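Look at the two complexes coming up: chain A is in both, with chain B in one and chain C in the other.
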Partner chain A sequence: MALIRAIAIQGLEMALVLALAPLLTGFVRKLKARLQRRAGPPLLQPYRDLRRLLGKEVVLADNASWLFRSAPYLIFATTWVAAALVPTFGAGLMFSWSGDLIVITALLGSARFFLALAGLDAGTSFGGIGASREVMIASLGEPALIMIVFTLALVAGSSQLSNVALFMLSASAGLRVSLALALFGLVIVALAENARIPVDNPATHLELTMVHEAMVLEYSGRHLAMIELAAFVQLLLYVSLIACVFAPFLLAPVHASAADYALGIAAYVGKLAAGGALLAGFETATAKMRVFRLPNLLGAALMLGLLATLLLFVSRTL
Partner chain B sequence: MIAALLALIGALLVLGLAAVAMRRSPLATKLVYGGALVLTLALFALAAVALASLGAGAREAALPLGLPWLGVHFRLDALAAFFLAVIDLAAAAASLYALGYGAHEPEPGRVLPFFPVFLAAMNLVVLAADAYGFLFSWELMSLASWALVLAQHREAENVAAGTLYLLMASFGTLALLLGFGFLAGPGGDYSFAAIAARRPEGWVGALVLALALLGAGSKAGLVPLHVWLPRAHPAAPSHVSALMSGAMTKVAVYAFIRIVFQLAGPPAWWWGLVVLALGGASTVLGVLHALMETDIKRLLAYSTIENIGLIFASLGLALAFRADAMGAAAALAMTAALFHAFNHMLFKSTLFFGAGAVLTATGTRALDRLGGLIHRMPSLAVPVLGACLAIAALPPFNGFASEWLTFQAILLSPDLPQWGLKLAVPATGTLLALGAALAAACFVRFYGLAFLGRPRSPEAAAAVETDRASLAAIWGLAVPCVLAGLFPGAVIDAIAPAVQASVDARMPVQTGLPWLTIIPVAASRSSYNGILIFLFITASALTVAAAVHRFASRAARRYRAWDCGFGDVGIAAQYSAASFAQPIRRAFGSTIFRATDVVEMPPPGATAPARIRQSRIDPVWDGLYAPLVGFVWLLADRLNFLQFLSIRRFMSFVFLALVFLLLVLAVWH
Partner chain C sequence: MPIFPELRTAVRVETQNPWPRFLVDIASWRLAGAELAAGRWTLLGLWGEADTVHMAVLRGQNEAIGVLSLPCADRRFPALGARHTPAIRLERAAQDLFGLVAEGLPDARPWLDHGAWGVRAPLGRAEPVAEAAAPYPFLPAEGGALHQVAVGPVHAGIIEPGHFRFHADGETVVRLEERFGYTHKGTEALMRGADLARAARLAGRVSGDSTVAFTLAFARAAEAALGLAPPPRAVWLRALMAELERLANHLGDVGAICNDASFAIMNAHCAVLRERVLRAAAVAFGHRLMMDRVAVGGVATDLDATGAAAITAVVAAVRQRFPRLVELYDNTASLQDRVVGTGRLDPALARQFGCGGFVGRASGRDFDARRWPGYPPYGDLRFDVPVRAEGDVNARVWIRIGEIEASLGLIEQLLAGLPAGELRAPAAFGAEAEGVALVEGFRGDILAWVRLNADGTVARCHLRDPSWFHWPVLEAAVDGNIVADFPLCNKSFNCAYSGHDL
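The block that comes next holds the complex of A and B.
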């Protein structure tokens, strides 16, 4: 009985992630449009886009290999599995122990690896631009994320995300300088990894400024739908990650009742909305950076992560 | 057991001699590599059995060879067994690969005699239990590999690489010789058992650490002693390159562990600091060089420096934990180091084999002349992709599992009491994380340019699949990459006796845990389960793909690439090796390598072409080796007059030298 319940909750979590991901992106787009005094697309537009794309035939470049055709499913699957490891509304997920925060980071790295390879597969110049810029951004963003993971793991005494979340929920967490630095770094990494302003512009169609869009330029139909969905899920993942570590309130504990879970889901939706609103506000207020200024921004995130970890190493004996 | 091992090694040496005798025979290639395959497989099986059965015990043997009153001592313990298994698995795969690849060798007589000798020497280094046997085998290994580097001696580049290698190898052996001298002291008993019982005090230990770093580090390719490695490793035939990168660097790691962890006495806390710093520096410098390299074999050699850096960083952590008597943490760090050594042997050998196959199929090692090989060489493209994923430390492959263990060891290090370590460990952690991310970038570039895209030269467009023996060897090492990643607990338990032998502690047993999860430290409750992650990814990818094909659309059409509407602007418009690396070169290279791009634009109306000139320096070569070379030249010039003295003066120099040495001996006692 307990097993069925655990599986049901894990399944519900994975389904919820999938169902809410396009909504979050639609919400951010709508809010951004309103902030810019445009009407903007309807809230449910991402779902319609996905349905339309799924129904269309795929146009493959002449040179595309099997890697190009299988990459969208692999990218989506790794991102989804990574998202399944992040506690959204409840901490005691059944399979949360199969990977820790380092695994989540590396799973996102795998998705990026395949995406960059797919960008190079068709043998076009734009695919190359996108892939080479993406790996440059990731080569600074990923270590920054690892250092932030170190910070969280040292604070909570475990690199397991559900343990971190439960620790943050307990009274012993308190306010720490390291956590503030980590939050700041994590936000920068999240903006970079999700191709948001100021790193990349998700709405651009000016070729020379594109990163993510340039890599997926050759994709169409169902393949593009899978990649778009993976991008939606990744945005949701980062918002959930920040929420469950830095705003874990109302997270359902390990053996929670149905009411606790309901409350957890309601709170989770609220957190997502707050995260989306902050993102929309930030993107409206900021301009995109030149590509070669990005190492400074991401280097700052890396240094923040290192500083946060160093503070913890040093303060252990004080 | 050790007698059987020695007999097999002896048979390898005999095979080398036999190869000299039959070097003109057309069957020689098949016979030598076939024989080496059988012998090394037997050695691997024996080593694996020994690793599983020896536990804390050891087998010893002495042969009446070498110096008449000393003989040579051999000893097989769990640590030696682990490294024997690593070396002989790589050797067996290389022999199998060479059964196919060796047919393309222009001068087999320059490779065949040295190949089995090289294999035997690597095995002997690991088995040796006294300084004499160790140094003799070490030098034999260096010379055999040097001869193999010079197999294609008509290319000036290879000759220069061979000379540099010979210099560095002799220097390394000299350092080890001095190290053993200090360890044995004036007593003069050079067996490892006597040295370990002596427990050298204070400064001798520190001196031995420095000499071991010079000797073993130069063979492993630790920065700043790495300069020979990216020149010599690619110069050899590809199966030898694979052995030099995959196995010989592991022999160096073994030598370092044996000397520093077992013979040099109790470590001081700062030993770990030095090793950590060198490891961290190697990681980042190695991978940055690899990212900017356009020759596939040299790229792989630079990536070896990165992985050696990772192994040494874990060893540094293990040393620091050991100095502070944190047994469990030391065991975790040592497990990470040995696990990564094993993993690196697997994927680096696979990649070098793959590079060799690409070289025979296209005749070129330049990334800028490859492309599209996934269509032309489909059976090669899959295992090479697997090895790229593994070396990029992506789950669920083996490279990730060992890197994960290293990170878990770093998370235990705040408990170290010394301030120097408290500052150095997080900094090294940053370097390792940076190295891992850059390695992923590097292998996207490697695979994307060589195997994906459109062929950049007619040779690449006409490439054909490589032979079956080569493919069997490549698949034979790529499949264990996946297996070791899916079942890391089994590997951790298998290498536990070797860890026990080197740091006197071991990690908790992992195979009994539910669902084959690994939990390195019970207190931190951090866990990783490779098989579940793999199953989740596979299941969700297949389910989604099936659902999309069933309920949405399954139609597909081939057409010209869209490329934002520009149409087909030609193959040359693809990203090249230099253009892919350019953002990273600009982000990292401008400070470390002083990378510069100079664009020369002709004035309007002029018909001259525009040019771009790229340059970068190797900071280690320019900062350390170039002044050293200059100094040696200067010294040679100044001392030149010594060659033209009278016999009387020469005699007086000899006399003075004798007096000096006697004085030293008198003071020493």
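The block that comes next holds the complex of A and C.
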């Protein structure tokens, strides 16, 4: 009985993630448009886009291989599984014990690997440019993320996200400089990984400036729908990750009641909205960075992660 | 002392106004090429006719303007491009359209002719072409790590078609080569035999965003040919329209440049202001872009009190809101990081190519056709012409900001001092006549040259868009920048596709 319940709750989490992800992106788009004095697309537009894309024919480049056709599903699957490992509204979900933060990092890394390969596969110059830029960003963003994971693991004594979240909820967490540094680092990595301003512009039509969009330029139909949905889920995943580590309040505990879960879901939606609003505000106030400046930004994230880890060791030995 | 003392053997053509045209021999043509190459003269335009090639030159630092014509009976002329790079594309276009041969031209590839016309030299002998055009050979760049990026002519955004071929070393641009001609409309062919009203309409459709400036350039050239003086009210109304057009385009550009650095909020606010200017123009003159409102001999519409009030209101709105946007532009560090130092155009290159408008003035070339050679009513008005020396994207934005302020001041002066009276002077024909005019559009100086038949129809009309001298220097300005910065550089130049392809 407990097992069935655990599976049901985990299933609910995965469905919720999938259902909310387009809404979050739609919310950010709407908010950005309002901040720019535009009416903006309806909140539900991403869902309509997905439906439209799913109904469309797939146009493949002549020299696209099996990799190009299978990559969208691989990317979507790995991103979704990674999102299932994040305690979104409740700690101690069934899958969260099967993988920790390092697994999440690796899953997202493999999604990016497939995307970069698919970008190269079609053989267009834009795919190549996008893949090369993406890999440059990843080569700096991933180590930064790993350092941040180490910091959190050292603070909480576990790299399991559920344990980290529960530790953060407990009184022993307190205010720590290391955590502040890790938060800043994580925000930078999240912006870079989700192709947001100042790293990439999700709304641009300028082929030459694209990173993520350049890799997926050749995709159409259901393939594009899968990639778009994966991008929506990834944005939601990062907001959830930041929320569960740095704002874990009202997170349903292990063996929670139905009321706890309802409260957890309500709080989770609120956290997503807050994260989306912060993102929209930040993107409106900032221009995109020159491509060669990105190493400085991501290098800062890496340094923050490193400093956070070092500081922990120093403060412990003193 | 003659206006062009260098041209000893030249014969002055008496039918052209207001600046002289000389029939020259090959020696004088070559001498002109040497003067251009030495930087003592500036090329203002080069165009063909069935058996003649013409060039318009500016002598020294704003000393004189003249047109040199070289009759080429065997359809050959010595290429200026061999010594003076800015002439190359103009000569390639003259070859394509008229079948003239520029001997010694370093780049003999076709320019406007993509092999899709079905004829060769449509304005010359118009020989039918049966075989398919050979593929266009792009300039090579050699090196192990180089790769090509081909962009356009179909772009992801809604912009005009043009092809850009990058050779890049990773992200760094090693060579950019442009290819145009996709929007060739055959304007010069349509102009032949058109009456003045139709020709003015055609001129207004060379480049939609500069429709007032192009129609004005054509009208001024035709009026010079006919010895026609438009009434004062018409002259002031034309200037009012030209300044509104400049204001709207510059407002749009400032926002669009910021948008290309993904700073969309500037674009949103500037687009609102631009839209308000266009709507005021619609109220005042009955057309948002004021197309076909300038006519030969005057203007086609009058300004009433409602229109004047709409313009006054929009000037007040821009004066109130725009300074805050300028502050936002100047104080956003992430945006400044993108625009400062990007896409630098060397002042020497701007001088050599005779770049007009914000491109030239951001690189230290202090030239504005409104001030010199000048045309009414600007002599009676006070306005600043901003000039900077940095030549980067930021400088081009600041020139536009300065010109927006200057245009606001001009519009206020024009509204305050608008004389009453007639709107149009009737044209009288009688003999073949030629006229030339230089008018400052928002991109820079537009050259118009027209020859009228005795019955008042157009025998030949050439309109030279300022972008002819902007596109080539864009290639140079992008060199050494990164591929991802090209859209930003390109937007800061904002060259015309349609005006260039004609």
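The definition used in the following text is that the second predicted complex is superposed on the first by the 318 of 318 C-alpha atoms of A that agree within 3 Å, B and C clash if a C-alpha of one lies under 4 Å from a C-alpha of the other, contacts with A are read in each partner's own complex, and residues count from 1 in each chain.
Heads up, the rule we're going with is that a residue touches a chain if its C-beta (ideal position, glycine included) is under 8 Å from a C-beta of that chain, and two chains touch if they have at least 3 such contacts.
Source: prediction; values computed, not measured.
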- Message: Applying the document's definition of touch, where does A:292 land relative to chain B and chain C: first, second, both, or neither?
- Response: both
- Query: Touch check for A:284: first (chain B), second (chain C), both, or neither?
  - Reply: second
- Message: A:80 in the overlay: touching chain B, chain C, both, or neither? Say first, second, both or neither.
- Response: first
- Query: If you stack the two complexes on chain A, which partner ends up touching A:201: first (chain B), second (chain C), both, or neither?
  - Reply: second
- Message: With both complexes superposed on chain A, which partner does A:28 reach: first (chain B), second (chain C), both or neither?
- Response: neither
- Task: May I ask you to decide whether A:231 touches chain B, chain C, both, or neither, giving the answer as first, second, both or neither?
- Result: neither
- With the two structures laid over each other on chain A, which partner does A:125 touch: chain B (first), chain C (second), both, or neither? both
- Query: Given the superposition on chain A, which partner contacts more residues in chain A: chain B or chain C?
  - Reply: B
- Message: Is A:108 touching anything from chain B or chain C once the two structures are fitted on A? First, second, both or neither.
- Response: neither
- Query: On chain A, what residues does chain B touch that chain C touches as well?
  - Reply: 125-126, 128-129, 132-133, 207, 291-292
- Task: Would you mind writing out the residues of chain A in touch with chain C in their complex?
- Result: 32, 35-38, 125-126, 128-129, 132-133, 197-198, 201, 203-209, 284-293
- Sites on chain B touched by chain A in the complex: 371-372, 374-375, 385, 389, 392-395, 400, 404, 407-408, 410-411, 413-415, 417, 419, 422-423, 425-427, 429-430, 433-434, 436-438, 440-441, 443-445, 447-449, 452-454, 515, 517, 523-529, 532-533, 536-538, 540-542, 544-545, 548, 552-553, 555-564, 566, 569, 571, 573-575, 579-584, 586-587
- Write out the stretch or stretches of chain C touching chain A in their complex. 147-151, 155-158, 170-171, 258, 260-265, 267-269, 272, 332, 334-335, 337-338, 342, 482-487
- Parts of chain A lying in touch with chain B, wherever the complex brings them together: 54-63, 65-67, 69-70, 73-74, 76-78, 80-81, 84, 95, 97-100, 102-103, 106-107, 109-110, 112-113, 116-117, 119-129, 131-133, 135-136, 138-143, 146-147, 150, 153-154, 157-160, 163, 207, 217-218, 220-222, 225-226, 291-292, 295, 302, 305-306, 309-310, 312-314, 316-317
